[in-house]
Amino acid sequence: MLNKLACSITHLLDARREGHSLPAGLYTREDVFQADLEVFFFSHWIYVGLECDVPEPGDATVIDISNTSLILLRDDDNEIRVVRNVCRHRGSRILDPGSTVVSKLVCPYHQWTYELNGELSYAPHMGKDFDKSCKSLKAVDFRSIGGLIYVCLSDNPPEDIADLENAMLDRLAPYDIRNAKVAHQIDVIEKGNWKLTMENNRECYHCSANHPELCVSFIDLDFGYDPESLSPADRQQAEEHFAMYNARTAAWEADGFPSATIEHTRNVETNFRSQRLIIAGAGESQTEDATAASSKLLGHMTRKDLGDMHLWGHNSWNHFMGDHAVTSMVIPLSPDKTLVRTKWLVHKDAVEGVDYDLEKLTHVWTETTEQDAELVARSYAGILDSAYEPGPYSRFSEGALDEFATWYIERMRAHGY
Amino acid sequence: MLNKLACSITHLLDARREGHSLPAGLYTREDVFQADLEVFFFSHWIYVGLECDVPEPGDATVIDISNTSLILLRDDDNEIRVVRNVCRHRGSRILDPGSTVVSKLVCPYHQWTYELNGELSYAPHMGKDFDKSCKSLKAVDFRSIGGLIYVCLSDNPPEDIADLENAMLDRLAPYDIRNAKVAHQIDVIEKGNWKLTMENNRECYHCSANHPELCVSFIDLDFGYDPESLSPADRQQAEEHFAMYNARTAAWEADGFPSATIEHTRNVETNFRSQRLIIAGAGESQTEDATAASSKLLGHMTRKDLGDMHLWGHNSWNHFMGDHAVTSMVIPLSPDKTLVRTKWLVHKDAVEGVDYDLEKLTHVWTETTEQDAELVARSYAGILDSAYEPGPYSRFSEGALDEFATWYIERMRAHGY
Amino acid sequence: MLNKLACSITHLLDARREGHSLPAGLYTREDVFQADLEVFFFSHWIYVGLECDVPEPGDATVIDISNTSLILLRDDDNEIRVVRNVCRHRGSRILDPGSTVVSKLVCPYHQWTYELNGELSYAPHMGKDFDKSCKSLKAVDFRSIGGLIYVCLSDNPPEDIADLENAMLDRLAPYDIRNAKVAHQIDVIEKGNWKLTMENNRECYHCSANHPELCVSFIDLDFGYDPESLSPADRQQAEEHFAMYNARTAAWEADGFPSATIEHTRNVETNFRSQRLIIAGAGESQTEDATAASSKLLGHMTRKDLGDMHLWGHNSWNHFMGDHAVTSMVIPLSPDKTLVRTKWLVHKDAVEGVDYDLEKLTHVWTETTEQDAELVARSYAGILDSAYEPGPYSRFSEGALDEFATWYIERMRAHGY
C-alpha cells in the first residue's frame, strides 16, 4: 500500500529544490490551491482593473476572485470606490457580472438600496428602529497606482506596496493610464494552475518556437540566453544587441524617461519587476509589423520610440508603449483553471477605424495569449502525471522563475505553512 | 495561516443567531448537505408525488431523491405502492426515470421479475433451492393524505405525520385531489441550496419587485408588513384588507370550509403550515387576471370563491383553488443545486382546449418559478462570498423564515448534530 | 446521526460475502478507486495495446491511464518502446492524445529533443555543463505476448506474467497478431465502475435478453446454465451441445490447435482465462450471420473453423477468430466512468471493400459494446442507491464473477489494504 496520507503543505514546501520547478502537489492539490488563494489573492495586493474601466460617475464593473465579488465603481464625486458585491440583508449578489451604469446600488431581492459610497439608505420592512448605519456595503482597501487598481482584502496589507507606487508613478505618468480608454478586452481560461501561468509569462525561452507574431517586436534575448551555445556569429549579434540596449537605456534616461530594470522579487512581500524593453524592427509597438497601431499616442506621449515599459506583478503583466498598452490580470479559478483577462488601452479620444485599427491593435497579444494557454495546459497535464519530477530551470533564461518559486515558498512560510 | 480545519457542524449550529439567516456553512458545505439529506429527506416525511401521478393499474413513475430511486405505482388491485428501484440480484435499476406502464417489474439485466406488489416471481439461473421470498423489492413506508403522497425512508418515522393528516383531510376533501389529473409538469433546477429555496418560498417580501404576474392574484400583505413604514393611506388600506380577510375567513368557516391558519412549525418533527388565502382582483384563481383557468372545477367544488387553500411543508408548497391546484416538491441535488418539480392539477375530466387553456393555467407559476430560481441563485452566490454574514430577518415579513431556521437547527440537534 | 466516518477499505474488504457481489463502497468510493488504480493498474500487468498499433518505425501512439500518459512507439531499429509522455524539463506533455509519426520526440514547450530510444539529445539554454544523460524520458517495463502489449508500472512486477506468456504463445502464434492491421477502433465510456465492466464481461447470463446480434454466433450455454430449470428438451439440447463442444475441442487439439480451458484466476497475481469457444451457426466468425467478415484470414490461418480463441485479463478481453480478432482494453477514468477501447484486427494485407466489409466486420461488437455500456450504467446507478445490498451470484452462470471478486479482495489485501 502506498502511503495514502497526503503529505502536509509544509512538507511540499520543504521538498522544493533550488533551481528547480515546484513539487507537483504545489501546482495540483486542492488544499494548496485554497492556501494560495488565502495567501496570494486575499492577503497580498493584487491587480484587479483600471480607473478607466469606470470612466464616468455611476459606472460600475464586477470583478470576481474565486467566490469573492467586488464592485469597482466611480461615485458621484468622481471618486473611485471598491465595495463587496454582497447585500447585508440575506447575502444576495447586488450586481451581475460585467459592467453597468447605476445611480444607486439596489439589491434586486428585497430592494435594499445603497448609495454609491456604500451607505444603506433604504431597507423596507425593517421597522423604524432598524439601524441602517451598521449595514453599509463592506468597503475594500485599494490603491490606484497611475490608474492601475490594486486591492488588498487583508486587514493587514503589505506595506511595501509603497515601493511599487514609488517605482511606477514616474514611469507611468507620461502614459496617463488613468485617462486611457479600454479599446478591447478578452477573457481566456487556461487549463492549468495560476503559478504555471505566471511562470510561463516570466520566461521567453519558449517564445521563438511558439510565438511567431510576438517575436516580430519582442526580443527573446532580453530574457536571457546561453552564451556558450551560440555560434560565434550569433554571440556577436547578442553582444551587439546588449550594447544597443545599454546605449538606448542611457539615452532614454537622459531624456527623462526612467528605464532601468527594477527587480523587487527577493525578500519582499509585493513582487514586481519593471524594465523598459527595446521593441525590435520598426521599434514602435507590439504589432504584426512593430509599427504603432494607434496614430493618437497614449496620454502625454510625443514619441513612439520609447520602447515597451514593462511591469510584472504576481498576478499581472503590462506593456506600456507609445501608442497603446496591453494589461493582463490573472485570477485562479481552481487548481487546474486560471482566468487571464487582457485589455488593450488607447488614448481616450482615439476612435476605432479612424485613429486605430482594432485588428492590428489586438492581433499579436490575442494570438500570444492563446498560444500561452495551450502551453500552460500541456505543462499542467504533465505535472499531474506520476512521471513528473521537478526539472531544472535554465540558469540563463529561467532565473526569474527560480526567483518566483523562491518567493512563493517564502511567502507561504510567512503565512504559517 | 487561516484555520483550515473546518469547524464542526455542531459549531455551525451553535453559531446561528436568532432572528438572522443561517451561517454560510449551513447553506454551502458538502458535509452539511449530506447531513441535511439524512435528516430532512431520509428521516422525515417528505412529499414526493400524487396518487393521480399513477391513475391506472400498471402506471408507474420514478422519483429520484439523491441516489435513492423510488417507484410509485398502482397495482392490479388499484392500490398505491412505493418500492425501491433496485434489483435484488446485482443492484441494477429496474425502471428508467420518467413514467411508464408495466404488467410486472422486469429487471433488464438478467430478467429477474417482480410482481407489482414487489414479490420476486422469476429468477432464472438461480437454481431450484433459491429462496425468492426474501428477495422482494424493498417496500417504502408511505401515506396518502388526500391524494398527496408522503414517504419516510426511516425505520423510525415521525409520528406527528398524523397531525398533518388530521389537519388536511377536511381541507383537501372538496378538491378530491386523489382523482385529479396532472395537466402539466415542469422541473426547474435552482442553483442554490434547498433551504434557500424554502426560505424564498416562505416570504413574500420579495414579491412586489420580482413577481408581477403572481401579484395580480397574490396579496403580499398577507405575508406580513411593517405598519410604521406605511403612509397613513396605505396603512388604512392594509387595515381594511385584514378586516376583509377576517370577515371572509369567518364566512368560509360558517359555510363549512375550514380556513383558519394552522402553524405546525415550532417544536414539531413534521413542519407544515396551512391557511386559506384571499385571491385578489377577480378572486378566483392564480392566473393572469385572477379568473378561473378551468371551467370544470376541481373535485366536488361548486364555488370559485373559496380562495387559495395553501399548504406548506419542508419540501413542498401547494395552492388548492376552485378550478385548479399547483403543487411543488423540492429535492436537493447538491449543496448548490435543488430540483423544484411543479405540477398543475385539474379535474380528471377537464379537457385541454375545451375546459381549460394550458397557457392560462400555467403562466403565472411558470414565470414565478423562473423568477424564484434567479433569486435563489443570486442569494446562494452571495452566501458563498466571504463578505456574507448572517443578516437580520424582517420581524414583520420574514418571521416564517426565522421559525424555519429555528426548526432546522432543532431537528439537526435532535439527530445528534 | 448516522456514522459519518466512512469505514476503512479494509472493513469493506472484510464485509464481502462469498458468492455475492461486492459491498457498494468497493464500487463507488473515491478512495477505493485510487487504491484500485494503484493496485490493479499501476502494480499489475495491464494490457494497453498492440505492436500493430505502431506498424512502422517512427509510429507512435499515446495511451492515457488516469493521469499517466504513455507513448508506445516503434523506433528506427523496428523495436517497440514504451516511454512516459512527460518532458524532463518542466513536465510538459510531449505528444498529444492519438497517433502520429515522429523522427524524434520534441517537446513543444522549449524544444527539448529526445531520440526514439528516449535519450535526451538537445536541450537549448541549459549550458555546456548540463548532463543530458540523466534526463532521458522514463522507460516503461513492457512485454509483447504474441503482439499484445502488456505494461507494468511497478518496480516489482508480478512474475507470473510468464504464465500468461507460456499459455498464450502457442495459442496466438497462428494468428500472427504482431503483423495484423487495426481495421477499426472505438472508444466507449461506460458510466460505471471498471469492476462492473469486467463483471459484465465475465458472464453471459445477460446475453440472451440484451445481445441479439452477438447471440447469433455466441453460445451462452458455454458460460454456464442451470440444468434444473431447463425443460427436458432444452436439457437434452444442452447435453448435446457439450458433447459436441468436447468432441470439437478434442479434434482441434489433435490438429495441433491448443483449445482446452486455462483458468489462471485463483491464488494468482496475473488474472487470466483462455478457452477456444465454438462459434454457432455458420461457425466462422462473430458477425451477423456467423460467416467470416474477411476473405483474407489472419496470419498463417488456413481454416475458418477454429472457433473463437478467447483471452480474458483483468482489464481486457479478446476474441481471435480465423478471419479477424476483436480486442478490448479497459481503463478506469473515475469511480463512475470507465473507458473501453475496442479494436478490430485483420490480416495486414486485407483491403477494406475488397477483402472485408467494415460494417460487417464491426457490427456485432459495436452493438454489443453499446448494450453493455447501458447495462453497466444501470447497474452502477443501482449500486449507488442505499437500497443496494450485495446480491447472490448464480452458481451456474456467475461463478467467474465470484472468482473475480475473490481475486480482487485477495489482491487488495496483498497490497496492504
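We call the chains A, B and C, going by the order they appear; numbering starts again at 1 in every chain.
The working rule: contacts are C-beta pairs under 8 Å (C-beta built on N, C-alpha and C of every residue); 3 or more make two chains touch, one makes a residue touch a chain.
Here the structure is a predicted model, which is why all the values come from computation and not from measurement.
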{"item": "Type of chain A:chain B copy interface by residue overlap (half), same or different", "value": "different"}
{"item": "Superposition rotation for chain A onto chain C, Cα-based, multiple of 5°", "value": "120"}
{"item": "Between chain B and chain A, distance of the C-alpha-averaged centres to the nearest whole Å", "value": "48"}
{"item": "For chain B, residues contacting two or more additional chains", "value": "none"}
{"item": "Sites on chain A touched by chain B in the complex", "value": "31, 34-35, 38, 42, 67-69, 84-93, 108-111, 124-128, 130, 135, 138, 153, 415-417"}
{"item": "Residues of chain C that touch chain B when the two form their complex", "value": "1-2, 4, 21, 24, 199, 205-206, 209-210, 224-226, 228-229, 375, 378-379, 381-389, 391-398"}
